[in-house]
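The letters A, B, C, D and E name the chains in turn, as written, and every chain counts its residues from 1.
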Amino acid sequence: MQIGRIVGNVWATKKDDDLNGLKFLVVQPIDCYSHYEGHTFIAVDSIGSGIGEIVLVVKGSSARVCLGKKYIPVDATIVGIVDNVEVDKGEKK
Amino acid sequence: MQIGRIVGNVWATKKDDDLNGLKFLVVQPIDCYSHYEGHTFIAVDSIGSGIGEIVLVVKGSSARVCLGKKYIPVDATIVGIVDNVEVDKGEKK
Amino acid sequence: MQIGRIVGNVWATKKDDDLNGLKFLVVQPIDCYSHYEGHTFIAVDSIGSGIGEIVLVVKGSSARVCLGKKYIPVDATIVGIVDNVEVDKGEKK
Amino acid sequence: MQIGRIVGNVWATKKDDDLNGLKFLVVQPIDCYSHYEGHTFIAVDSIGSGIGEIVLVVKGSSARVCLGKKYIPVDATIVGIVDNVEVDKGEKK
Amino acid sequence: MQIGRIVGNVWATKKDDDLNGLKFLVVQPIDCYSHYEGHTFIAVDSIGSGIGEIVLVVKGSSARVCLGKKYIPVDATIVGIVDNVEVDKGEKK
């Protein structure tokens, strides 16, 4: 999985029917030191997360399994809100 | 998922039978600030999108599920036309 | 999906039985302006393509579905021969 | 698969119900010479591994199959603790 | 698929039961000109390959299907030993 910060929303009126009612959030991936890394992507919210929160994101076919419909065209889903990331002191970055 | 701008079409007469009747569009990925990022790729249109539009693209096995045939050789599908991307003001890029 | 140019063949006598009879081609990915981009990879031919042709390649689990056997160890398949890539004039690269 | 060093923990109280009881570890990918390479990511522990250990990680849909629940929103799982990586002497890096 | 050179072995006593008896090999990806490209990764051997050999590797869910167990936590499998890679003379690299 990846951790990332929610930095925005995407609105799309014309979309696949199975996507109706879902919230599309812009996620900026971060590393375990909260540094931004890599490109932003879009994830579906499954637990009531919002802008500014640090979240846990699952990708690929695993992103479909937690949305209640087996055949839903989603490849990235927010499945947790991160309380804390604890990094081993020996690790320098 | 990814957002991208449709920048072209691909025509292929000789192709897998299951792909007949599908529209293949060239997508240039963009980030949430509309900056171009990464390589172009080819996606199947599932909602009537066209050149110049900003679209929402799903990849991997999830790209198959919204085309009505379970075993269709597709790994990227356009599933939404983006109205607007709203980025948190605190975010500088 | 990706478009690419076929630049070679791979021969492997000792291989998984399910791969017998398949043609393994070396594909150089290209962007929509025919510029080479990214590393070469190996794809299975499913439509009679050959060296020098520009082809449409599907990857991941979707690459298995068009080869007639559900459980075949393949993750990239050539599913179309590209006639033409039409890029929107407004696009400069 | 990838090998990596466990460098931290992630805590998330609010998460998908199917993730309850799982341990989320921060993994820093390494190459076969133990050099750090690429971004950190989050993996679920399935064999009792902890901070500082070198582990074997499986990704994608394969990461779901070893956690006892077919439809669990996980895309990276730690499936082994590495005793030793033996590299061919002829290889210089 | 990818071609790569086997450059080492990985030993892991404590691992998922379904992985018992499998050989884990370190693969250095190469391009069609035998140049090293990208990071090393770990693949399961399915055809009796060993250090120094150039092999054909399948990744993702396709890597599971050739190991005789549908739900095995593997995402990269060696499925062929390469005899020869023939590159079109017109191709300069």
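Descriptive notes on the structure:
The rule is simple: a residue touches a chain if its C-beta (ideal position, glycine included) is under 8 Å from a C-beta of that chain, and two chains touch if they have at least 3 such contacts.
For reference, the UniProt names are A, B, C, D, E = Carbon dioxide concentrating mechanism protein CcmL.
Values in this document were obtained by computation on a predicted structure and should not be read as measured data.
The minimal number of chain-to-chain contact steps leading from chain A to chain C is 2. Annotation, chain B versus chain C: rotation angle of 70 degrees from the Cα superposition, expressed as a multiple of 5. In this assembly, the C-alpha centroid of chain C lies 31 Å from the C-alpha centroid of chain D. For the pair chain D and chain E, the distance between mean C-alpha positions equals 19 Å.
The multi-chain contact residues of chain B, meaning those touching 2 or more other chains, are 60-61, 63.
Chain contacts here close into one cycle, and each chain has exactly two touching partners. Listing the chains around the ring, anchored at chain A and oriented toward chain D, produces A, D, E, C, B.
Residues 1-3, 29, 31-32, 37-38, 46-48, 56, 58-63, 65-66, 77, 79-88, 90-91 of chain A are the ones that touch chain D when the two sit in their complex.
Residues 6-16, 18-19, 24, 26, 28, 39-44, 51-52, 60-61, 63-64, 71-76 of chain D are the ones that touch chain A when the two sit in their complex.
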